[in-house]
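The data blocks that follow each hold one structure.
In the two complexes that follow, chain A is the common piece, with chain B as its partner first and chain C second.
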Partner chain A sequence: MPKTGIGVTVIRKEACNKVTGDAKYTNDFISVGILTAKMVTSTCAHAAIKKIDIAQASSLPGVRAIITGDNCSVIYGPLLEDRPPLAHKKVRYYGEPIALVVADNEFIASQAVFLIKVEYEPLPVVNSPSEAIRQGAVILHENLGSYKTVVEDVYPKPGTNICDQKQIRKGDIQKGFFESDIIEEARFILPQSDHIAMETRTAQAKINADGTVFIRSASQAPHGIKKEISKVFGLEEGKVIVEVPFVGGGFGGKASIQLELLAYMASKAVGGREIKIINSRENDIVTSPCRMGLEAIIKLGASKDGKLKAIQMTYLVDTGAYSDTGPRLARAIAVDCTGPYNIDNVWCDVLCVYTNHPYVTAFRGFGHASYTFCIERMIDKLARRLQMDPAEFRKINSLLPNHTTPTQVKVTESNFGNLVACIDKLKTLINWEEGDRLEIGNDKIKAKGMACLWKTSNSPPDEVSGVFLTFNEDGSINLNCGCVEYGPAMKTTAAQILSEKLKMDINRIYVNMDVNTKYSPKHWKTVASMTTFMLGRAVLRAAEDVIRQLKSLAAVVLRCPPENLEVEDEKIYVKSDPAIFLNFKDLVHGYKYNNGNSVEGQILGRGSFIMSDINVLDKETGKGKAGPYWTVGAQAVEIEFDKKEYTYRFIKAATVMDAGNLLNPSMAESLVKGGMCMGLGLGSRECFNYGPEGEVLDTSLRSYKVMHFGETPQYLVEFVETPQLDSPYEARGIAEHGIIGIPAALGNALSVAVQAELDELPLVPETIWRIKTGGVL
Partner chain B sequence: MISFDFEYYRPDTLKEAVDIFLKLDKEGKSPVYYGGGTELISMARVGSQSFGAVVDIKNIPECKVLGFNADTLCLGSAITLSDITEANYFPLLSKTAGRIADHTMQGKITFGGNLASTIIYRETVLPLLLTNARLTVAGKNGLAEVEIGQVFKERLRLQKGEFLVKATIDKKFLIAPYFHVKKTKNEKIDYPLITAEGLKLDGYVRIAFSGLASYPFREANIENMLNDSSLEFSQRADKIVQALSGVITSDLYGSAEYRKYVLKNTIVNILETLKDQ
Partner chain C sequence: MYSLKGKNIVQLNVNKEIHDVVIRPSDVLLNTLRDQLGLTGAKPGCENGDCGACTVLIDGWPVKSCLMLTVEALGKKITTVEGLKNVPIQKAFIEKFAFQCGYCTSGFLLVCHALATIHPYPPDIVIDEWLQSNICRCTSYEEIGNAVRAILSGEI
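Presenting the complex of A and B:
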């Protein structure tokens, strides 16, 4: 086991506690006397609430309070304030919280929930994004014009179902299509789906006598909760304390704030007593926010020699009944809308539209897996029309240094990486030369498909991360940071970076696994594959801070200039004669001279980072910089398709990603494999089916299917390393990216196998049969 | 969390079970017989079933039989699907049981529970329909043995207080050539889009289905079509698809049209496979 630094496989710091079941998650903290809150949720996707009869439930012994939308006037949204925590007068999606019961225990709370009778008057539903923008569509939010926008770059259109619109105007689209010899056009449909984190969302709240609010939550955004709770309920920020222990999977779904608001309201209703609220799996799927749906129409033109000339795109983001993170997803799609390709003429509209579907939030890939399916299917269609090898076609159109992105950011080797190298390496890895469609007998076809990916972050331009370092008397270090540990071993990465910088044993660095906003410095949210970048930079600054202090103290003791000193292995030594040294333990809590006189005191380190050169994008053209750099990659899926049955199985899934610099090789490989597994799930099965009245039909794992372990193909992962010069040790974020191109690669492989254009997801055998045959027997 | 209270009884004899059930019923407690609980628990949790008492029959020796009695195989209603697959006395039934739910659930789901399920598939009935199995039913007048067709019509139809004790199958069926085809929407572990299974006996193919309609069934006229040697395999398949088109369902797992497509393929495949056996 290597003891220091980066570039070596390090077992995650919490491994022992997790594999033994010792690690504690939110719902493992149950104190005596804690009450249970439970939601009553809507059985209609769109209806006026005529009456909520709580009489019978209220009289049940052990029921402490029942709250409905009538008792709560707040309206919330991180970007656009459009969502009441409990539906008020109207429900807009199936599963929307209507009332909240607070009772002595879960049993009584469940009984009360069944006793609450809600009378609805059904309203016509908007059951797809294209329905939402149709002339005469039912309007979900008649007060859209009076909703408060929280950020400057969200542009709702009152009188419509459009809660935001982002657009890209680059070059001259008319000219681009005029110069195109071949133009392909297609329409894509991708339904919503869910995160299915192993731990369902849960929150606890209590309000102390002095008004201090304490929230514990399974969240990716503890500091976000603190800020929002104080803002929504008019509390002093210092009086809101949020604690997040280990989180059992997030995938973006725990970056939004929902149960925390309800938990606070529930505790308030019972005089501040401690309460807990836990999503059932059904609630977690349908009541809490899910993954966006997408409809797209794309027109792509190229010259005969295979150069992309122009692209026109309309994306409709299905944000569901409320905006929440939808506008940010729309922006993320706009920013990277072309895929990692050089196209001079780009016209893109992304409309974020309300429907009577569950509302949406971040999901691994943040919109990228969805639009990438559309773009990469288009690339394959065009390559085939041009009779070009799809891999070569991608290579000759790859963005390169000095090209510009859709938002007109200049590409550099550092900010983009090397996509061509990824494609080349992928071709070898997947044996591309063998051919992408092989008849192998018994009506079986072996086929391969490829897709490229890129992603930058979409954080607000002023987000921060911070680190505090304290020392134990034995010279070991405590690293205190605000990121949440929900899987990708962030805390371990932070320790690796510190260990590398201080050249000390990583096992002597102790990282706080939980986050408490009272003690931990703010970290924006643990999202966007940005934690290594932001937190890593803060760690480096904190390390420099303690090195400076240590050298300064040692310089006094050793009577030499600080620049003559070096730090390594918990020692400060004289560069010219390492035999002259002091141990950390002799310095970190102050230095004591032989006669007892002591100087300095504790060495306390701090490091802080703020995103610097990111802009708000121009409203008309989209021009601007959304994130600090991109991570690019190329992916492939190999399948075996049965021509007669329209069934298929996965053989291989492969990824080559430009990681900048691999900090923890095995962890990186696992992250990418996990992403590919989720991507195969999205491509092959995961989706919400809606009934004619907008109700979600798959609200449990009986019908909502995720990948089974036994279906796992052979995963192949390799990396390219093009340094990202602004990142800690030149590393690029890779946590989400494994998912992005996989649905597209699967779609391409199956389209080749089936010899049909498969432009919708998920690709279950019936869908393939319907597209291929037109559904005719 | 089940949001209502209920009483739990675990009788040791058939008579005790029937007596306590009828007593509870008289008291208005809406009792139910209880096997593995997988269905009752999950339905009760979401509020789609309620009961005031359960009568657990897993402690009654007659319900736990699994073995041969002279020329018949006896299968108690309280044995689990795992018991069936592990003993493997009847390969077709083992195949059927081994493809219901997942391995963990198979250790809980009972044979009787699957037959009496409110979920429409009840796949373990297919081998019983194919072998003209006999069912033993306990009721207030003691035990009665009946032909499966008398009590299983689309679903198990028992009188109040009655419960299934065991099924018996004539040994001669256990060695007959058989087939079991389970087609799902997408994955191995799921409800069937179509489960088709059958036996070939004296040159005649028997067939039964689950998933195709809203209930499992075996029909004589379908078998006649299947065995009509005057027609090509695909013609027989077409005829069967046409004959069943009124009962074939559309649901979340597949449209009726797609089911018809899969059915046709499945029948042709089965006939191809069986032609030399």
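Presenting the complex of A and C:
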């Protein structure tokens, strides 16, 4: 395997640790004497807490402390401060933490949890986003008006269940519909679901004698935890140290902060002793944040010749009982609300609403898999009404350079890529010309559907990343960065970029796998498929920094101007005569002359990057730039549907993505396929079912089903490469995008097969049967 | 059969070594391996038998260690991922990109390793059946399938 640079398949740096059991995750740090904290969680989705009786539990030997909401007046949230770490006076979702037991071990902690008696007085529940905005709906947060907003662009509406609203107004919607010959309208319902990272969320905490707080956590946001804990509890930032080892999958679910605060509170309650808190799978599903739900009403108009003219959308984001990341999801939907299509007249309202469901956070695709389902179903419906080929319809409406997006950003080849090329390639890949519906006998139908996707990031406008480089005496390099390794091999990508820039063997570059906020430069959160872009830029700067230092030192030794020198293969040589060179190892810790005199010291490299050119969106029109670029793609799913049983199986799933420039081809393919697999799960089975009282019914992997081995289709993945000029080696983020269009492509394929409009997810046989037959046996 | 009451010192045969551990009758093998022997390769993912992250081999057969009491493992040969020493499936997992976060990997490695030992020439349906016991949330499963087929075919 090649050893240098980009564009070649590289094995991930930590591969060996992960196939030997050697890779350590948060829970694998087991120390003697560590106490266990365990949560008592709500069994009601909405209720007043009348009484919490801890008497019996407290007297249990080995119980060291019990904390309830009464002991803590904190209220926090990343965007809008609306959430107590432990419910206070009221519970707002099923599974909400109410009390925390700290005990010598799991066994005693569990007994104590069992002995704590909570008395509730049930309140009426808000069990869907449309219920939340109904006249006379029960209000979840009566104090919404007094909550502090953390960022400037959340707009809560006191007296309602709306914690944020984003809107897009572009062009003239009336005119757009007036010019439309055909108008399609539909309503969509997508319930919440969960990340199901295989490692459940967990945290450890200890408060040292000098007041230093140490947190170890399974998190995508070590620096975010540091900031939040210091802010919430009034601690000096430097006194909060957060360490994150390997993380067992994140998918956005570990970007929010929850257990870390509880861990700190638990440790504080026992005089700073070391404690751990581990989510059971059940808690991980309901107590910790899940994926948003969505309801949508969309009206889409086109002219007879198939040009999209106007779109009007109302999206209701089910953010659950607390806002957390919900407002950002609402914004992400608003920013890309039309899908990657050129529509001059756009009217979109996204309401982020409270319900008595578990609260939500980021999830792979950041809202895009949800609204894309709605948009791509609409596109298919309209194409069929127009009797146009859905692929062709998408092509003629694709955004192109010089068009503008819903937030009025100008599209360029660099910031958008080439969607038309993706569609063309996809058509070949999936054999589109064969037709999208074939009766193949035995009541079986083979059908295909497609969907397009696009996504930009929605990170804060001042997000930073950074890199430190140090050298070992033998000339090899240590790369220290603050991003977390939870799967997509971003640390390996960083090493690849450095290896390419320094033209050196990647095996001679060592990357820190864990992150410690005391030593690792800040990387805001490892999210949004932005690591290659941000960290990559920082790596390039750090590489330039060491090249400059190496050249200036070598120039002194070799008595030539630094610009005459070149770096390659751990050597610095004179361009005109490569036989004259110095080795890295003779320079990186200072150069020593023959007589022992030495000059310069260690070469230390640093590289820093801040997002620029991103702004807050205009409140009225949404105008503004949310992210630096888009990744676009086209996806398709082929299924075999059984008309009698309403069941189906996957035959093929295909993706063509514009990757800009592929840095690590096999890894890229594998990331895309992983996303596709998750997308098939979302489309076909994954969701929360709620009981009439708002309780989540699927709280274990027994009833919450994900994709398993042997259920998967044949995967077809190809790339288009339209350079993104401002990205490291022109690469686009691709880690999360594989999921985005798959539920939509599945919905389109099944709608074709069944000959019904399937506008709900997940598409389980029962749902298909109900929609097709109206539920009549 | 063993009969235990209260805390006991017992011996476990893990990765060809004999270890003393202290157990209660209700202790689960997964926790004993992790907490007492530091063998953290076996992971809790659900502690309910649904995910397979905790898989170990008991006399060569894959077993979910979250569903097995430690006493049930007495007198049996336990193999954890730490006991796999350069077996082909490890190489295959690396070369075929069969993991990302790595959390499910120990479990899958042991299932695949046992499959190749017990059924050297399995039909596809047997492969599916065996590997359906575990969940991987990162990969598409195709990569894991490629890895296991690579060792079955002798490619690796």
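In this text, the second predicted complex is superposed on the first by the 777 of 777 C-alpha atoms of A that agree within 3 Å, B and C clash if a C-alpha of one lies under 4 Å from a C-alpha of the other, contacts with A are read in each partner's own complex, and residues count from 1 in each chain.
What we mean here is this: a contact is a pair of C-beta atoms (placed from the backbone, for glycine too) under 8 Å apart; a residue touches a chain by one contact, two chains touch by 3 or more.
Predicted model, so just to flag it, every value in this text is computed and none were measured.
With chain A as the common reference for superposition, the partners chain B and chain C occupy compatible, non-clashing space.
If you stand at the C-alpha centre of chain A, chain B and chain C are 40 degrees apart, rounded to the nearest 10. Contacts of A:F251 after superposition on the shared chain: chain C is touched, whereas chain B is not.
Taking chain B and chain C in turn and counting the residues of chain A each one touches, the greater count comes from C.
In the superposed model, A:G710 lies in contact with both chain B and chain C. Contacts of A:E14 after superposition on the shared chain: chain C is touched, whereas chain B is not.
In the superposition on chain A, A:G774 makes contact with neither chain B nor chain C.
Once the two complexes are laid over each other on the shared chain, residue contacts for A:G136 go to neither chain B nor chain C.
When the two complexes are overlaid on their common chain A, residue A:P61 makes contact with neither chain B nor chain C. Of the two partner chains placed by superposition, only chain C is touched by A:A197; chain B is not.
Of the two partner chains placed by the overlay, neither chain B nor chain C lies in contact with A:G596.
Of the two partner chains placed around the shared chain by superposition, chain B is the only one that A:E766 touches, whereas chain C remains out of contact. Superposed on chain A, the gap between chain B and chain C at their nearest CA atoms measures out to 5 angstrom in whole units. Residues 700, 708, 710 of chain A lie at the contact with chain B in one complex and at the contact with chain C in the other. Looking at the complex, you find that chain A touches chain C at residues 11, 14-25, 27-28, 30, 195-200, 246-251, 278, 280-281, 486-489, 666-667, 670-671, 673-674, 676-678, 700-702, 706-710, 712, 715.
Chain C makes touch with chain A in their complex at residues 34-35, 38-48, 50-51, 53, 80-82, 84, 90, 93-95, 97, 99-106, 109, 127-129, 131-132, 134-145.
Across the interface of their complex, chain B is touched by residues 106-107, 110-111, 113-114, 282, 644-645, 684-685, 689, 697-698, 700, 703, 705, 708, 710-711, 764-766, 769-770, 773, 775, 777 of chain A. By the touch criterion given at the top, residues 1-4, 46-47, 183, 185-190, 241, 252-255, 257-258, 260-262, 264-265 of chain B touch chain A in their complex.
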